[in-house]
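This report concerns only the one structure given below.
Chain nomenclature is as follows: A, B, C and D, assigned in order of appearance, with residue numbering initiated at 1 for each chain independently.
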Amino acid sequence: MHSLIQLSIVVLLLPLLSFIILIFFNRRIARNGDFIGVGILGTAFGISAYIFWTVIVQTYDPAFRIAWDFTWIDLGNVPGVGPLQIKMGIVIDNLTSIMLAMVTLISLLVHLYSTGYMAGDKNYGRYFAFLGIFTFSMLGIVLSDNLFAIYIFWELVGLSSYLLIGFFFEKDSAADAQKKAFLANRVGDIGMWLGILILYSQFHTFSFEQIYANLAAGNFGLSNAWLTAAGILLFMGCVGKSAQFPLHVWLPDAMEGPTPVSALIHAATMVAAGVYFVARIFIILTPDALHVIAFIGACTAFMAATIAITQNDIKRVLAYSTVSQLGYMVLGLGVGAYSAALFHLVTHAFFKACLFLGSGAIIHAMHHEQDMRWMGGLRKHMPWTFATFTLATLALAGLPLTSGFLSKDAILAGAIGFAKVEGGGIFYLIPVLGFFSAMLTAFYMGRQIWLVFFGDSRTHLKPADKSHQVHHAHDTHDTHADDHHAAHSVHEVSWNMRAPLVILAALSVYAVYSPDPLDGAKGWFMKMIPTPATVVGEANPQKGALLTATAAPHLAGVVPTSEVPAPAHGATATSTESAAAVGGHGEAVASHGEAKGGHLYTDPRQAEIVHAGHAAHYTAIYISSIMVALGIIMAFVVYVFKIIDPEKTARLIRPLYLFSLNKWYWDEIYEATVIRGSMVLAKILSWFDTNIVDGMVNGVALLVKKFAFVNDGFDRHVVDGMVNFTAFTVNTSGAVLKKLQTGKVQTYVVMVLLAVFGYFVFYFTRLIY
Amino acid sequence: MEQLTTIGLNHYLTISAFLLGFGLFAVMTRKNAIVVLMGVELILNAANINFLAFSKYNGGMEGVMFALFVIVIAAAEAAIALAIVINIFKIFKSVDVSSIDSMKE
Amino acid sequence: MLSLIVFLPIIAGLVILAVPSSQKQIIRIVSLLAALAQGVLAVLIWKGYDPSLPGITAGPGGSPLGSFQFVEKVPWISLHLGGFGSLNIEYFLGVDGISVTMVILTALVSAIGVLSSWTIQKQVKGYFILYNLLASAMMGCFVSLDFFLFYVFWEIMLLPMYFLIGIWGGPNREYAAIKFFLYTLFGSVFMLLVMIGLYLSVLDPVTGNHTFSLVAMATQSNFIKDAILGPDNVMWRYVAFIVLFIGFAIKVPMFPFHTWLPDAHVEAPTPISVILAGVLLKLGTYGMIRINFPLFPEVFQASMYVIGIFGAINIIYGALCALAQQDLKKMVAYSSISHMGYVLLGLSAGNSEGMVGALYQMFNHGTITAMLFLLVGVIYDRAHTRQIDKFGGLASYMPVYAAIVTVAWFASLGLPGLSGFISEALVFVGAFSSPTTRYIAMVSVLGIVFGAAYLLWSLQRMFLGKRKADAAYDLEIGADGHEHIHFHDWKGKIDLDGRELAMLVPLLLITIFLGIYPMPVLGMLTSSINKLVQVLSPVVMSQM
Amino acid sequence: MFELPSGAEIQGIIASLKASVGFFIPEIYLSALFMLLIVIDLVAKERKNNLLSITTLLGLAGSTIFIFQQHSLPAGELFFGMYVLDEFALFFKYFFVLSGIIAVIVTMVDEQFDREVKSMGEYYALVVAMVIGMIMMASSADLLMIFLSMELVSFTGYILAGYFKRNARSAEAALKYLVYGAVSSGLMVYGFSLIYGITAQTNLIKISLELSAHGSDSLVMIFASLLVLAGFGYKIGAVPFHFWSPDVYEGSPTPITAYLSVASKAAGFALLMRFFYIAIPHVGLPPENKLGLDWVSLLILLSVSSMIYGNVVALWQKNVKRMLAYSSIAHAGYLLLGIIVMNTQATLLYLLSYFIMNFGAFYVVILIANKTGSENLDDYRGLGIKMPLAGAALTVFLISLVGLPPTVGFIGKLYIFSALLAKGSLYLGIALVGIMTSVISLYYYMLIPLNMFLRESKLPDDKSMNLTLAPQIFMTVLMILTLVFGIFFAPLSDFANYSSAMFGFTMPPQ
């Protein structure tokens, strides 16, 4: 077993260890054992940092990949399939090592931060335990080498998110939120599960490698519609986890959880898992599937941005911006800007975590006041927070010199290229939405900064009757609080909460990722995470057969030139029409080959898209800069120079305003349709069950009661017990027949003679005829 | 022609059939237990006539023997029946068969 | 070995018969000892079991020894019959992968049941005699390889169950008991006819005369061609299959024959619910696997689709009904209906993944549902109500209970890392892989969501938030300044006490362990299942 | 017209008579016992009842020795074909003697006798007489003999049914039994006369030879057979000739009810089998033409209607005795199934199981009636707790009557249904009816345990319900027999199989 594998296993198990220790013994350990959690995570981060170093820095190889697996379930020699095992395994490549480092780092910082933020909570120890199990499951997703394992950890992440959202379970809102989150995720998961099933049913394996290889070999037995369906269904998992439209509704509510949790789970890592998963399955997604993904991403980005404009809760704004940014990543994957999307994943993780932790600091300082309308002027009181928060905001808005600029620009560039290649039309909607959302982002983040940090403190403006919007525990305090008191009660947070902010803010600077502040492609990240070659070609598995000749055994995400045959050679190996296709795109592929440091895409369409994406790089920069500038200017116009009064505008466009304020009414719609619907259905069925299926027990009983002959001679319970009509007839026939027993012996004799006579007639007639 | 002059098997059988019918009629319709039992006797005697007639026309003694035994049985039966009926009369103060129906259904 | 494990409880019952009914404690301990001894034997069997032997059909040379294990085969009744040949009934016990898991499950659940019967106060003696009789009968069903023997055990189960529900049950127990009895008897009388029909149509290859041996029946070549259930007699074979299937489906219980289950569960005392859900329901599906399918493989091939549809109905219908329940126990009862639907679905797939999943689901459902019913019993003992709305915020007041409930609930909704998940996953994998049931599987997946819905909802209503205004318990500030609750007329510990933990923790550990590493159970199943699939596969059809 | 036999012939006749007597010892012995009892009744003074009952018990028990000796004798006719001795007959001899013994035991525990009559007088003598009559029914091979033995049984039955002279119900039962029985036997004997007329024979074997040789006038034969069937049907209590049984069973003293419902029914079946198997030629003729009508279909009609009617109407009974009466009608239906497929073994086995479980049930009913003084279902409430053993025993017997394993009743049903299915799918429909009705029967049988165990008693708790030891032991023995024979039924089955050999009858090729 490779040493890195062993290390990664250690990393994986360490948080689990922390969970086990803390869940059982937190009451017995000093400080409820928070130092254990922090210490363990520190160790984990150290190891993953080492892995990161070895993989990315030392062996600077885009194709780096090591894997290890073991048999988990052995189904023996299955008839028709042969020996069948379900394996579990670990894979380490560039992406994994980067994610590993990122997750452990943020988790470590959140642990550290929480020691300050959660201090004094009565379930302090349990909180760290939950953080531990979450980190464990997240690392599991990152490390898994097969769909089944990913699904398992996927669910576990859902569980830990459930536990953490509902950490303050006495609050009904929290309880609702956690249930909502879990169910929404489940809906996504069944889609993902079906996708997994489609692939398994064809290849009898869950392992990525074998699925890639089989698809490349064109072993997919079903029609291409199924393959596309598989892609979209798998993507549904991402829709759930990464809060994409239409399953985004749970994420804003998830803010009921402790703020550090929001930073860790609902901003940086878990929601990113969806994107990570799509990246893992990227090369088996058919173009149709990719189109769906791209559009969903674009819609999400735009919708969330529009909603974020009008929210007043500081965390909700960030939540919707998270949704929006996740939309960007998904969009990026959809348009084939693979590297860019993942790049954005990482950068976003850092600056969004920074923003959340910052907001946490603010809330902490403001005594759990979350409504931005009653904040303001915090700049003076919390300089550290202000600085870091602003830097992260700039990154989020995508201003130059920030990490966010690099990644977002790359995505948008990819979108433009994609639209070009797909032949414009409706496909231009995607970049357009992308740019528009960029502007909105800049606007609402500007708004937030201004409302929170500039101007004067507005705590005193807070009307007492608004108290239902905020914590019961504090509104009394706030209502008699005068400006003076409010102003002085606010103070900068302690070091253990400040340090994470600084670190995260530092990681939002462009220099970390790329020497060129304008082009992420020049950075190590995008070099290390190049877009892999698809194995399903243009909605045609057979196309993938180009690769089988050589590369099938070890299909790393990418295929270096050295190993891949020239297109011509490939063309000989494949059918004529695909040969023509390749030939048609020949120069594109070739030129692209030089441009991109020797990566070769056997699927011409993909090659073209990547190429066009790079071509569109500068266009994207110009447009996006303009849009962002527009957004910031608007924010200034509205909130700094007060040229436009937000209230008035809101009244002016009231329907739109309400539409945005009420989050496009998605909750209401779901409440009215899905939830209400299933509840009603359940009620109906259970009624049906007790009344109809249960043999019309009541009906039978009633009929029997009504039945003339029925006297109390028959036990009601048995009558009820008879769950069908035959029983009913049995009774009644019994009631009728027993009347024959008149008690008069002469009638008995008559009966006998009648019987004899009847039989006689019967047989006599039979005799004659 | 001969049918009318000489008495043949059919006549016996007819008689016995009539007897059977009368007996059954009595059993079914009469209220008095005694009469009902007389009806039973008629039935038995109908059988007797058959036996004797057949035994005459088939040859062999079985029929005769049978008839003898039937007579004896009838006598014994009559004795038992009377005892029971008397007991009934003691209890119900009547021998109306149709009125004795306390046990039914 | 097997005889011992089967008859131990009956022996215990006889011992109890001798104990004066005033000595309640002795009676309890005797049955507990018997149950524990059974458990030990089960462990020994598990240890001694060789997973490589397939079972299902006879081994080389038509003798069961090559393929079954712990075989005990003595001629029981063998006599010449005037009218119809000669009757051969054998006392024929043996286990293969299918039954050995069930044996272990039965031993486990009946031991747990004894523990949870500790609270029974009314007519303890009679209770435990019947209980032990029931335990023996269940065990007997799982190990008997002779149809006659199986039928005898099968029927013996009914009466104790009738009385256990009818005497120690809830307010409406008479109705529930008689309903259970009639329903199951209705199913089993037809089984009697089929059994006779099979007897008359099957020849033992070794001895050459008619036999009740299920092992011989499982080989199609042993059928007499033109016999009443012979291969030529297609129509009657279908009828027999359907009749048998209904007989077992009633036990499962399969929609629309399920209506006895909620009543029985709601009325039955906790230990009996545990037995009922933990073991008895499994007998239905076990009967299908052991008898229904291998004896009529071609009919099974033809009816996979229908079985699958019924499985899907069970899954979704049960889940939705559970969603609407106010009575916690009724909800759990419907959840069992839903979970047994997975078993049906897996069986209908007819491939190894599905069948293994089904078997494994049977085992897991046994442990998990036992746990659920025990937990319901715990709260019912304290609050004397099971109305979900009568609780709320319990997590603050009974943390241990809440924690275990959470794990159990999540196990029931199939959370990875807990055993339920693996079985459900395998079932879906199998059902989806077989083209016959693919679309059914796609529909059934909805069950996952509904399952999560009703479980999480009940969890929230009972344990999260704060105490409801009309809750079944009072709130008071304890000496230590924390909030405590106390139930009306409940003297015992508020949170779980030692006995309850002793019942729950083992099940909990098993659930977790088997969720992480399923092979200890799966390993015993696979070879038998693969053999079964082979027996059922159309290839064999063509040969017969 | 009859020429007298010559001296040589008379010598021969006497010789064969002498020979026959040797085959007739049990009957003679029992007749002697009968007279002895009457004498005792006359001479004995104090503690007469016990003396009588003990004597009867010992006497009946003793008779088994003589019956056992007959195993060594070859099967054959005696008294010029009036009477046969074969395994079949032997079976019933045991059966009836045993049932007589049990009837006596049951009588001894029944406290109602102490209330109703002071002297048991001729009671036991009559029981013995009835035993004799039934034994002769089972062994007679001649119409005349059949008639005589049947009347003997009936007469004793009339008297025993009405044995509680001052009890209205008992008297009513006697009257109904008498009228009904007299009419049916009258019809039967009329039918006999017709058969005799057609075949000029009274011996069953000769009749069958005659019929197969010359055939017969179908019309008359149908009429005759129906009349005969009326007589037999009355004895076995099968629908539609059952009407007497519920009333008589309810009214008679419970021991007699048990006795009639088991023994005299069995005698009827013995007769039916012998007549149906022997007198009717099975070889050669297609089934439809036997006696010009299809006996099988006729019996099927009887059996199906009995099963359905008996079970369905029993659902409505509030009186346990009456319920059991109806159930006995249903069981007659099941027994007929065995006869339909001409499977003597199955039928005999079922009779044996019926013997054990029905006597057991009645025995417990009597014990309970002794304590509660009632046979109404409502008065059974909570008795299971008060007298657990009785409750358990009764439950076992009822389960056995339903036909659930591991009881002897299940074995009986198993054999019957196996016999049906052994004929292929021909009789499957009937088998289904039998199965369904046995499910129905569960309803009303379980009503009794339901009341005994699941319901609270209405009686005051201080009322002592403890049974004396002896009845408990006997009850337990019966219960254990029911269970043991339910598991190890080989002896019963072997015995039944051995006994299914009938003189002058060869099983027709299946």
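Operating definition for what follows: a residue touches a chain if its C-beta (ideal position, glycine included) is under 8 Å from a C-beta of that chain, and two chains touch if they have at least 3 such contacts.
What you see is a predicted model; the values in this text were computed from it and never measured.
Counting C-beta pairs in contact across A-D and across A-B gives the higher total for A-D. Measuring from the average of all protein CA coordinates, the nearest chain centre is that of C. Centre-to-centre separation of chain A and chain D, using mean CA positions: 80 Å. Here the spacing of chain A and chain B, counted between their Cα centres, is 98 Å.
Rounded to whole angstrom, the centroid-to-centroid distance between chain B and chain D, based on C-alpha atoms, equals 26 Å.
Work out the mean CA point of chain C and of chain D, and you get 44 Å between them. Across the assembly, chain C contributes residues 174, 178, 182 that each touch 2 or more other chains. The multi-chain contact residues of chain B, meaning those touching 2 or more other chains, are 24, 27, 36, 97, 100, 102-105.
Shared interface positions of chain A, i.e. residues touching 2 or more other chains, are given as 717-718, 721-722, 738, 741, 743, 745-746, 749. Applying the touch definition to every pair of chains gives A-B, A-C, A-D, B-D, C-D. On chain D, the positions that touch chain C within their shared complex are 341-346, 385, 388, 395, 399, 404-406, 410, 413-415, 417-419, 421-422, 424-425, 428, 431-432, 435-436, 438-439, 442-443, 446, 449-450, 453-455, 487-490, 493-494, 497, 500, 507. On the side of chain C, the complex with chain D involves touching residues 77-85, 87, 123, 126, 151-152, 155-156, 158-159, 162-163, 166-167, 173-174, 177-178, 181-182, 185-186, 189-190, 192-193, 196-197, 199-200, 228, 233, 236.
Partner chain D is touched in their complex by these residues of chain B: 13, 16, 20, 23-24, 27, 33, 36-37, 40, 43-44, 46-48, 50-51, 53-55, 58-63, 65-66, 69-70, 73, 76-77, 80-81, 83-85, 87-88, 90-92, 97, 100, 102-105. Listing the residues of chain D that touch chain B in their complex gives 1-2, 143-144, 147-148, 151, 155, 158-159, 162, 165-166, 168-169, 171-176, 178-179, 182-183, 186-187, 189-190, 192-194, 196-197, 200-202, 246-247, 250-251, 316. Those residues of chain A that touch chain C in the shared complex are 72-81, 84, 148, 151-153, 155-156, 159, 166, 169-172, 174-176, 179, 182-183, 186-187, 189-190, 193-194, 197-198, 200-201, 204, 678-679, 681-683, 685-686, 689, 693-695, 717-718, 720-723.
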